[in-house]
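The structure that follows is given in the form of C-alpha cells.
To keep things simple, chains are lettered A, B, C, D, E, F, G and H as they appear, and every chain counts its residues starting from 1.
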C-alpha cells in the first residue's frame, strides 16, 4: 500500500491534476477553493508548469480554451459565482470539441450567497453550463481520495471524447483533510491530439478550432454528431456506488458531501431495523440511470438528499420513469444536514408508506 | 379595434416595454436582437428615457440590477451567448429580490454557433440562469402580438413577486413582421417599491439590496422563503393554450416558434384523419403542469416538438408523472422544422401506437 | 387561396421593401399576414430574400419553404428557389438580370424585364415594384385599393415624393 | 470508540494545528480520519474551530455537530459548543483564559490552565499542544507512538527545532 | 469644552468587520465625514464591492447595494441613470476594480459617468486570504506568488490613476494615502472633491487610496504603514493625475 | 518580367467575406505578407475574434482558433503559455477589443504577454450592422446613436494606444492606417515589428489600424477613406505610442 | 513592360485601385459583371502602367497581380 | 483641558493611535482585555494631551473621541 497522506481536498485536487500530467492552470481566487490555486502557484513553477492568476474567471476559462486547443491538459477551478461567469467559454469549449477540466467547489447561492458548502449548482452542471445544446462530463466525488481518482478520470475521458469535464465538489470536500494515496505520476496515454492548433509546420493540414457554423445544416449535423457521442457515453460511462440496496425498501440517492451524511443516516436507520440503502451517483452526467433503474425493481421508494432545494430529484424520477415515489430532503444555504435529521426523514417515510 | 401595425418582433418588444413604463434599457449588440436596441436608441432620447449601450452583456445586466434596485422598470436584451454572460448578474437579481426584464432572442449554439433561430436555451432559462437555488419567470410568446402582451405581464409579475422575468423568444420571432395592436400606454399600477435604494432622505429606514448572507441559517431561510413564493406562483401563474386537445389521441407540446409550425402540423394531421391536438406552454417557468396533466387524462401519447435536441421533454414527463409516452421531434442549429415533417412524425407515432 | 411567397435577389434591389408592400396590402384587407426576412451575414454577401404569407387563418411558420409564388430578381436566387416552388405555383422572373428559362412545366412563369422597364420609364430603382405589379395581375393577393394604400403606408415620410413613382411602377407591372 | 472532536478558540491559538496532530495520530494508527476547519470571514473576526473524527469505519459527515470530545480555548467558543457535547463526553477547558465552569453534570470536565503552564515552562504558544496531551490522557485517541510520530510529521521542516518543545508540551499536558 | 472629533453620523455605530489596524476603517470614516459635511446622506446610494469591504452595506448610513465582484461601476451607472438626483458612489478594492472589473471601470470612466469611486489599493486580495492583486508589487510575496511576483510570468502592476487619466470622461483622478495624519487630511479633501464633482455634474471621479492589509502582508498595522511608505509610495506616487471636467481636452 | 506583387502564401486563395472595399482585406494581406517574410506560417496560431473578421479562420494559412467575443487575448495567452515556441496573434475589432474585451486587452498588455495584436479600429460594430463602438467619434451617427454620438450620455471614444502605453508590459503600441499607399507600407512595417518583437520575446505588441467600414458608414469605399482621413485621423493621431521592451520603465 | 493582371472573379468592384493609380488608368468595366455580380476593374491603358504596385497595395481582395 | 476618550469596547488594539500621537502618551493596556479580546489603548498622561486629534484621525475604528 502506498503511503497515505493527510491532504485538504482542494490541495488533493491540485496534486492529482499535476500527477495526471496537467501543467497549465488558470484561475481566479474565490472561497472556498483558494487552496487549490495556492497549491498550484507553489508547485507549477518548480516543475516547469504554468500557474497563471487571470484577471477574471472569464479570462481564466478562455485561457484554458486556448491552452487546451493548443493540445495540453489545462484546467481551471472556481466556486459557484465564478462558474456562472465561465459558462460562455464552457459552451465554446463544448462547441469546439475541446477538452478541459473545470472544478466547481460549490458554495451557497444565489448571488453572492454565502461561502459554506452547497450543492445548488447541480442543474447548471448537468444541463446548462452555457447556452445551446450540449453536455459536459460531470463527476461528483465524495471523499478526498475519490477527488484524486476522478481528476485523472476526468482528464482521460475528456481527452477521449473531446469534451470538457467538471468535478462538482463543494466547500466541505474542498476544505477537509482526509487520508489519500496519490497515484504514481501517470504518463498521459491519450491519443495524440492531431486536431490541436500548435503550428502545422507544413507537416499536416492546418487545424482550425471553431464553434461557428453559419449554415444551419452544418451546425445541426455537428450538434447531432456530438449527441451521438453523448449517447455512447451514456451507455458506457455511468458510475454509481450502491450501499445495502439489495434488500432496501427505501433507497436514498445522494452524491458528494450529502452522500457521506446519508451513508451514516442509512446506518442509523438500519440500526433501527429499517431496510434503508443508498445509491451514490459518481457521474452526474451521464446520470447513473441504469443503476437507479435496477434498484427501482426492488426498492419501494426513494429519498433524494441534497444540499439544495432539490435539483437531482428530477433525474431520479426520469431514470425510473416515475415508477416509484421519489421523496426529497434537503438543506441549503451552506447547511450540511446531519445523519440524524435524514434518518428521521427515512423513518417518517417508512411510517407514511 | 385599435389599429393594427406591421412590426418586427424585436421592435414590438421594445415598443411594448416602453408602453409598459420602461424607461431604462441597457444592452449590447448581438444578432438576431439588434433591432430591439436600435428601436430603443431612437425612442428613448425622445421620451426622456435612457438607452445605454454598455461595454458588455455583463455590464448591461449589472446596470439593470442597479437601475431596478433604484426602483425603475429596467430591462436588457440579448441572444444566447450574451445570456450566458448575464447569468451571474441574474443570479444576483434573484438573490437580491430585484425584478427586471431580460429578453433572450435565441440563436443556435453551443459556442458562437449560428445566428438562425433556436430554442436550445430552454434548460438555461428554466433551471440555471446562474448558480444557486432560484427561478425566474419565463414567458414564451409565439406571435408578435403575444410578445407585446407578455412584455407588460412580465414587468407586472416581476414587480409583484420581486423577481426577474425573461421573455424567451428566438430569431424567427424577433425578425418577422406580423400585425400587432399596441396597448394604450398603461400607467404602472404596481405597489410602491418601498425597498428601493434611491436615498432615504431621512424619511424611512435605510434600504439595503443584497444577496450575501454569511450565516447559513439566514441564507437558508431567505432561500426557503423565496421557494414558498415560487410555490404560490406555480399555483397561480401557469399559462398555456390548448388546441384541439379534447378528443386528441396524440398531443403535441410545443412553445414559441416551433408551436406555430406544430399548429400547422396538427391541422395537416387532422386533415388526414388523425386526432392530433396541441398544448402550447406560454409560461415555461412555471411550467403549465396542470394543463398538461389534465390533457394526459384523455391523450394517448405526447410529442414534444422543439428547436433543440430536446429540453422541454423532461418537464412534460415530470408533469404527467411519466404516465403516458412522451416522444420527441426536434431540429437544431437554426433549422425551423416544417409542418410536413412534424405531421410525418405524428403519423409514424400513430402507426407505431 | 393563401399566398406563400418568396421574393429573392441581391441586397439593394428592394427585396424586403417589396415584400413589405405585399404584406401591408394583406393587412389592410384584414387578413393574417407574416413577413420574414432572411438575415445574417449573407445579407452582406449580396443576396437577400424574404418570405411573405397572406391567409385567412393564423399563420404557422412564417418561413416559406414551398412557395406558391416566387419572384426571382437575380440568378443565384433563381437557382436556389426555383425547384421549391409548389406545382401550379407562379414564378416571376426579372428577365433583364436573369437570362435563364424555367425548365419546369408545372408552374406558371412570367418573364418581366423589370430593370429595363424601370430605366426606360424614368423609374430607376423601382424594378421591385414593377414585379409586384405583375404579381398582382397574376395573383390578386389583395384588393387593388389595399395595394395602393400599402404603397402610401410603406413609403417613408421623408420620401413621400416617391409615392407617385411607386404607383406608376405598379401599373407598369400590371400591364407588362 | 470513535473520536468526534471539536477544538475551538481564537485564531492564532493553533487550533487547526492541534487538530491536525490528533488527525495524524489516527492516520498513523491506520484509522479512518477526517479534519474539517471552519472557514470563512469569522476566521478574521478571531474565532476558529475544527472538527476531527477518528474511526474504524468510513467517516460520514466530517462536520462534528455533537462532539464526544470538546476542547475550549476561549470564552465565546466555550459558550458556542458546550451544550452540544454528547452526554458522557469529555470537555477540556483552557482555564487560564476561560473563567467559567461547566454547568452540565453529564460530561467529564478537565480544567487546564494551559497558557499559564506553557508560560511557566518556557513553552509559549504551545498551550494548544498541552491540551492535546491532556486529551490523550483522558481519551486515548491513538497509540502513544503514533501521537509522537504525528508531532514529527506535522511540525514543518523549517521549524524542526520545535519538535522537542512540542513533545515536552504533550507530556506536560498528560501529567497536568 | 467641546467634542472636536467623533464618529461621523453617516457611519453607523457598529463594529467594522475589518482586521485591527486595517486602513479600510480610516477611509470609511472619511467617506462618512464627507457625506456629513456635504449633507448628502439622505440622497446617497453606496455600492459595496466583493472584497473585504463587502459588508460596507452594514456600515454606511445611506442606502446601500451590494454589487457582483468588479461590477460596482456598472451597478452605480444603473442607479445614477435611473435616479440622476441621487449621489452614487462605489467603494472597491484593487482586485474588484482593477482585475475582474477592469472593463466596467474603464468604461464608466470614459463615459464620464457622473459617479464617485473610492478605490482601495492594498496590493492584495484581502478578503480571500492574500492572493496577488493587479497592484501587487514586483517580487512581493503573496499566497499565489509564493516566490515573489515574477513580472515575467505574472506581469506588471497596473497603475490605475495613470491609466484612467488618459480617458476624456474623467474629471478627477487622484492618488492619496492614509499613512499619516497629513495624508489622511489630504485624502479627505480629495474624497470631498470627488463628491463635489458629482454634485457639480463634472463627470467621473476616482480617488485611489494606497492602503494597508496588515493581515495578509503579515505585518503589524504600524509596520504595514511603514512598508506602504517604503514600497508602495515609490511605485504609486501620490498626486493629482487629472483634475478638471469631462471632455475638457476636446474643448 | 517577374511577378512583383501577388497574394501572399499565408493568405488562402479564397474569397474574403468582407464587403467591397473594406480595409479588413488590406490588413489581412499585410499580416500574411509578414508571416511569409518572417517565414513563420508553420508555427503561427491566429486567433479570430467575433466581428466581421470572425471567419479569419478561413483566410489565414496558419493554424487558427475562433475566440469568444472580446476574449481573444485570453485565448492567445492560453496558447502562448501552452506552447511558447508558437507565434500567436489575435486580430480584433474595436467592439471586440475595446468594449467587451477591455479587461482581457489591458491585462494581456500589463502582463507583457508575448503576443501580437492586430486591432482594427473602424469606429463601429461592423458585423452586427453598424452600432456604436467604443471608438465611434463624437456626433457620429450609427444604428444606436441615431442622433449622433452624444458624449454626455454615450461617453467619449477610447484611444486605445494612448491607454495601453501607460502599461509596463507593452513593448509596442503603434497606430497606423491603410488609407494610402504610404500608410499601407508603414502599417506593414509596424505589423512586422509586432511579430518580430514576439520572436525576440520583448512583450506585448499592439498595432492599431485605423480602418473603414464603407457599408455601415453608408459611403463608397473611396469616400470612406476620405472620411477616415478627415474625421478619424485627427482624433486618432497616427504614430508610435510606445516602442521598446516590457518593463523598460523600471530598469 | 510592366503590367497588372486583374483576377476578374476575385474583384469586388470597389474602386480602391482606381483611386490609387497615379496614372489613372484603371476603371470599372461598365459592361462586364463577374460571377459575384460586380463590375470588375480593368486596365484601360496597358502601355501607361509603370508597375508601381499602388493599385495592388490598395486592393483589399488581392485581386491584382503586378509584373515588372 | 483637552482630552481624549477611548471607547474601550470598540478598540481593536491596533496601535495606530499609539504610533500617531506626537506626545507619545497612548499605549495599549497590558492588563485589560475588552469584549472582543483585544488589549485596548489607553491615555497614559491626561495632562499632556493637546487635543491635536492625530490619534483619532489615524484610528481605523472611530474608537477615539477628542474634546478640546
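To be clear about the criterion, a residue touches a chain if its C-beta (ideal position, glycine included) is under 8 Å from a C-beta of that chain, and two chains touch if they have at least 3 such contacts.
Computed from a predicted structure; not experimentally measured.
Path length between chain A and chain F in the chain contact graph, taken as the least number of steps between touching chains: 1.
When the interfaces A-E and E-H are ranked by C-beta pairs in contact, the top one is E-H. In whole angstrom, the spacing between the mean C-alpha positions of chain A and chain C is 55.
Centres computed as Cα averages put chain A at a distance of 59 Å from chain G. In terms of their C-alpha centroids, the spacing between chain D and chain E amounts to 41 Å.
In terms of their C-alpha centroids, the spacing between chain C and chain D amounts to 86 Å. Along chain C, residues 40-41 each make contact with two or more other chains. In chain A, the positions touching at least two other chains are 31, 50, 52, 55-56, 58, 81, 88, 92, 96, 111-112, 115-116, 210-212, 214. For chain F, residues touching at least two other chains, in rising order: 19, 54, 66, 68, 99-100, 102-103, 106-107, 127, 134, 154.
Here chain B touches chain C in the complex through residues 4, 6, 31-32, 115-116, 171-172, 175-179, 257, 260-265, 267, 336, 338-339, going by the rule given at the top.
Interface residues of chain E, counted against chain A in their complex, comprise 50, 54, 66, 68-70, 95, 99-100, 102, 125, 127-129, 131-132, 134, 143-147, 150, 153-154. Residues 58, 80-81, 83-85, 87-88, 91-96, 106, 108-116, 118, 120-121, 123-124, 127-128, 130-134, 210-224, 227, 308-309, 311, 314, 317-318, 321-323, 331-335 of chain B are the ones that touch chain A when the two sit in their complex.
Within the complex formed with chain F, the residues of chain B that make contact are 28-31, 34, 37-38, 41-42, 45, 50-53, 55-57, 81, 111-112. In the complex of the two chains, the chain E residues touching chain F come out as 99-103, 106-107, 110-113, 134, 138, 151-152, 154-159, 162-163, 166-169, 246-247, 250.
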